[in-house]
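Presented sequentially are two complexes of chain A, the first with chain B as partner and the second with chain C.
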Partner chain A sequence: MKMKLASLALGATVAAAPAMADLVFPSLSYRTGPFAAGGIPFADGYADYFTLLNERDGGIGGEIAQVPECETAYNTEKGVECYEATKDSGALIYQPLSTGITYQLIPKVTADNIPMHTMGYGRTSAKNGKVFSHVFNYPANYWDGASAGVNHFLEQSGGSLDGKKITLLHFNGAYGREPIPTLEALAEKHGFEFNAIPIDYPGQEQKSQWLQIRRERPDYILFWGWGVMNQVAIQEAANIRFNMENFMGIWWSGSENDVKPAGMGADGYKSVQFHNVGSDFPVFDDIQKYVVDAGKAAGAGDQVGTVLYNRGVYAAFLAAEAAKQAQEANGTSAIDSGMMRDAMESLTITAETMEAAGLPNFGPEFSVSCMNHGGDGMAAIAQWDAEAQAWTLISEFAPSDASVIDPLINADSAAYASENNISEGCS
Partner chain B sequence: MFYREAGDFKTSYKDDNQTFPIKFDRYRYYAVLFVAFALVPFIVNDYWVNAMLLPFLIYSIAAIGLNILTGYCGQVSLGTGGFMAVGAYACYKFMTAFPEISIIVHVILSGGVTAAVCILFGLPSLRIKGFYLAVATLAAQFFLVWLFNRVPWFYNYSASGQINAPERTVLDIAVTGPNTDAWAKYMFCLVFLTFCALIARNLTRGTIGRTWMAIRDMDIAAEIIGVNPLKAKISAFGVSGFFVGIAGALLFAVYLGAAEAGDSFGITKSFLVLFMIIIGGLGSIFGSFAGAAFLVLLPVLLKNVLVGMLGWPTDLAAHLEFIIVGGLIILFLILEPHGLAQLWRVAKEKLRLWPFPH
Partner chain C sequence: MPEQLIFGMEVFLNGLMAGVLYALVALGFVLIYKASGIFNYAQGVMALFSALTLVGIMEGQVPFGHLVNAIFGTEIHGFGWHVPAFAAILLTMGVMILLAWCVQRFVFRDLVGQEPIILFMATIGLAYFLEGVGDLMWGSEIKKLDVGLPQGINAVIDETTFEWFGYGFFIDNLDIVATIIAALLVAALVVFAQYTKQGRAMRAVADDHQAALSVGISLSFVWVMVWSVAGFVALVAGIMWGTKSGVQFSLSLIALKALPVLMLGGFTSIPGAIVGGLIIGVGEKLFEFAVGPLVGGATENWFAYVLALVFLVFRPQGLFGEKIIERV
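Now for the complex of A and B:
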């Protein structure tokens, strides 16, 4: 026992070796477990973008960016361990890529003064910066995604959803349950009939859910799945010949991994996206040149240009931009997590910033403020072309229905504030 | 030489019946308590507490609870995760409904609620045995998780179904919530573990423990010599549920801070605790500690060695970790089917004879 603890201590100190001069962006990744199919490309993209900055530009503002990785397997307890193991190394920002871990970390990062960016996941009401001072979810959140999906269906059915049936097929966890209040409110507004069908972790078996769908015959299905359950759901939809035009996933259910196993059956499947798809951007040439060809790619290096890899790149890009703006604002290249938080709160992403980073038109333009940690909620719809084996955006980035979402965000964040005795900031 | 009964004279029945009859054991026990209460709180940091000590303490309580039911009374249970969820959600409801009452009371009450639920699901054990009971408790696991996901009242109607532990204090020192000092969490759980272990140890040494063991060894024979199986089994379920509920409440309130039934208290948790007592040793309090330590500390150790010291990729290390831990479990079960506690017993026997084995 003593031996064990002694070697543990040794291991812990080595793992948390402080690298004071560098900028540290810990990556709580999951390359194992049922959600690894989604976790691997994101983690690769996140690491590769920082490697690119180090190799091409000599880091951010002259400081080398470090991306220590810690495996969580989408498990909340391991996520806590990873957070504790990395937070003292000068961590600037956390992006756990798991709604469950996000919920654990929201109070912890606030107490430790480290910002957390939950891009398109996490607690939606974190958009209210008055309550959630250290949590950011720009450029879009789940409720924006739900609203964008409903808006698309609205357009598809000619301007009215009256009397239609929309089913939410969702992961039975925090992540999948997030959109339910919004969809309930939207159902009331647009007069469609809404019901939710949960899929339990990990979702490799969905016969009963799809039997229910066959019985109820919804006009449209919205899908909140992740990992293996995406492939299974799309295959099942193909099996019952559900019209793929009317089947739409959230951005976490819309990658190549999800649609390829169903072959031609998946043709026409849609997904909501908050950033662009494809590898037709200058930054990917640079990644190929400086990172992949140089043998420095994270993981197997075979994910470049896939939807989730792009999302990892986008997450890293937003973090790097915030770090740059923090360096400018404070006049020092060695920033700490508090400066990072302040910079994230005043972050502005314009077409020029994206262009300069080799990502023209990659995502919407947005700016963050103390009151609004979530951007403008712009989202677009992408569709899978099984013939060409490619995703393409079939709509412009459009705003979500703020008249429905904002009151819900205020109500949920107010409940959190009163439960935890938080007084509102941003006076 | 130094570890033996000889020379340690007992002059009263009380001395004769004490928990640790050998002097060396007694001093070792005091030494462990001293280190745990008086030294560790001053040297721990956040990482040690959150990654190793807290899970170890909390899972030890859960393992003691399950060991009473499975190890002492012979009733196999696969519902531990669900029962821990009962403790966690009960604690959450108490914490949010009665914020003015001390968290200590809440945790104990959560144990009581879990005991009641556990007794309810234990009733079938009077008619069904062995594997069939395991299936009945498995149903409890799935039913309870489904219930906590399904009924919004349990998670106070929050949008995502997550429960969050608000800040609560003991003697004006925060023990739950984000602004908690590492040592405070550690001490809070350690106090609970100490009391649970003391209660469990003494219960298993007395009449009630003997009736459990009689039921475990042969229930018909036990009935013939006058053991009431209803009382014995129901009390085992109740006591076990009490400890498991406390473990669930602490896991949610002190360790995780936020939880969700399916994610934090799924079937994997049931198996984890069951493996702990199998590896540690069925029917042994020490075994509960040893099993919890083995399954909590070993993965963290492996991860730190493989990723931290050798610098291997995290996914390779994670997969290797499964292989190594799994391999060790098989190895242990082949070499010592009675668990780590049996190794400990053998070591003590050897020590008694040392340095003059025949």
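Now for the complex of A and C:
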């Protein structure tokens, strides 16, 4: 009996582990815990895109893509455990989907020569590849998001924010405080008054913050929230009758989850996005046909086309494109994480690349280099139509204000390099 | 009148309203602790579970639908009907009574007489179990809860205060409804405890298990009844908080708001839960208003606990709790 159990256990382990020639894209997902509603669609999108490549194209360059999932519950310690448990399986890239986990993994991935992609989160100054050799945050980071929001308000105000008041309502933690230096610099440049109002986790009770907003009457609000904080903030804004046209969330505060509970009150709410929204893209027809209808979807298949599912698809698309470019550059389909890192550092995403993948105009065109691991910081603005129950992009992807952001990135990355005895440079 | 004083009055009123919502959560803890000496860690999760069940019933969702589909490859998502809010609330209450029976039958019946810490650990297990079952039954996506409660600024208060002070106060209609419901709930609980046979049995068990048993009161029955009442209180709290934020996992975290209320009001007093809630609600809001801007804001979470701690130092049993006397 013991022998039988041992054989079964061994068999299960072998079946679970990827074959050595497979391309391994570990997914550090969170399907449980307070943020599960946001983690599930992303993880589904990430897994479904690779399943599509396997089912439709026979993998990437003939190699099957494996996406072993490890549950982090959005918990930093568990995230690090997941990394340690999966890194020796031939992992090509990590997307930890948490700023806390990202900070812990930066030295680890660098030592292990595995690239990490922190798309729209993590350490903003990782854009400087001369310091953060293994961390990439293309196509946009938080400071780009702040700049995109201010640029939109600038346009809304007829080209001048002089004398206007912009409030940042934010999660009281590293993630929420991230855009403050940028917004202070932008306030100086454009002459608007800036103040920040923090909300403690989890943010179910925000009466104080919204009474303060009602007293101070800001012209515009930028919002950096996550989880239940998002739904409550949008509901409270509707309660005090704040003009939703002037209320904008960062991409983590701009999904269907965030606006639906407020019903019609959320109509007109805006969010910054670094990828397109909706399901009107050829790739989703293929996902429906080869993945969902074939019963191979990671989830129930009911998230296809939602903002966070699209983000998962986009993250997988960028990883798959880097893997393809690594295969081409090295003349082999069996790439390793070092080759993957090099390919990410020379990655170019054009309109043709996206069109070929069934994702026309899904994200901005950009290219990566050692000097710039973050692209041009292109972002667009989306708006919620409560009647149609849909997000729509209301602007083109536009670059962030590099004149303000680049000096901040250089200063922050230089401080990190100095603290960690890193010599800046490109290999 | 000085502007800051007018703003302070608005903050004070909103603090009272927030306090009522905290007290609603704390009530559930008090009921169970009073009758059984168990600190029910699962009270917040019970609010989540009841709200999930309510939305699921209202929307005609098939329980465990995702699981059934995953195992059998079916495409079942809903019954295709919509249950009116009142009927759904009654059905949900039925589920909470069933849950109370299961908790008594399968968890606490065999733990009678165990140390309080063992019972507390059992409620931790119960909390995680309910979290998982709730997810499996109804899914983890955020659900809109609409049982017809009004939301948004109260126009009458806004206009009246504007006439008086030149500044209209913001009071949320939902908070006003919550206050009325909480008052009715407390009145009903007091009447139940004082004037009904079952209520007297509950009080007898709370006073002395052994003595209550010796006069023929069924401990099992009383515990099922108390867990059912706590389930009902959890449902009311779940409706109020779920209407504000949508029904989602984070609803279980409202228990964090109840802890300082319990520390302050006492674990054994229904009026204590109410007064404690009001003090915490007003205290944290006024502190945030007066001191928050000077220290970077977001003071409410820690201030509530500091305030409770101060009370604890001077009155360990809380404002209305039973005085702890140990004879040696």
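Note that the second predicted complex is superposed on the first by the 408 of 427 C-alpha atoms of A that agree within 3 Å, B and C clash if a C-alpha of one lies under 4 Å from a C-alpha of the other, contacts with A are read in each partner's own complex, and residues count from 1 in each chain.
Just so it is clear, contacts are C-beta pairs under 8 Å (C-beta built on N, C-alpha and C of every residue); 3 or more make two chains touch, one makes a residue touch a chain.
All figures in this text were calculated on a predicted structure; none of them were measured in a lab.
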| item | value |
| --- | --- |
| Fit or clash between chain C and chain B when superposed on chain A | clash |
| Which of chain B and chain C A:T99 touches, first, second, both or neither | first |
| Contacts of A:D88 with chain B and chain C, given as first, second, both or neither | first |
| Contacts of A:N239 with chain B and chain C, given as first, second, both or neither | second |
| Broader residue contact with chain A after superposition on the shared chain, chain B or chain C | B |
| Chain B versus chain C as contact partner of A:K296, first or second or both or neither | neither |
| First (chain B), second (chain C), both or neither touched by A:I197 | second |
| Chain B versus chain C as contact partner of A:R123, first or second or both or neither | first |
| First, second, both or neither for A:R56, with chain B first and chain C second | neither |
| Which superposed partner A:K165 touches (first chain B, second chain C, both, neither) | neither |
| Among 6-14, 132-140, 150-158 or 348-356 on chain B, the segment whose C-alpha atoms clash with chain C after superposition | 132-140 |
| Footprint overlap on chain A, where chain B in one structure and chain C in the other make contact | 31-32, 36, 40, 172, 198, 200 |
| Touching residues on chain A, where the partner in the complex is chain B | 1, 4-5, 7-12, 14-16, 29, 31-32, 36, 40, 69-71, 73, 76-77, 80-81, 84-85, 87-88, 99-100, 103-104, 106-108, 110-111, 123-125, 172-175, 177-178, 180-181, 198, 200-201, 299, 408, 412, 415-416, 419-421 |
| Residue numbers on chain C that touch chain A, as the complex places them | 7, 10-11, 14, 17-18, 21, 66, 69-70, 73, 135, 140-146, 151-153, 170, 172, 241, 244-246, 248-251, 253-254, 256-257, 284-285, 288-289, 292, 296-298, 300-301 |
| Footprint of chain A on chain B - complex, ascending | 46-48, 50-52, 55, 96, 149, 156, 158-162, 164, 166-167, 177-179, 255-260, 262-264, 266, 293, 297, 300-301, 303-305, 307-309, 313-315, 317-319 |
| Interfacial residue positions of chain A with respect to chain C in the complex | 31-34, 36-37, 40, 172, 196-200, 202, 204-205, 207-212, 214-215, 227-228, 231-232, 235, 238-241, 257, 260-261, 263, 265, 295, 300 |
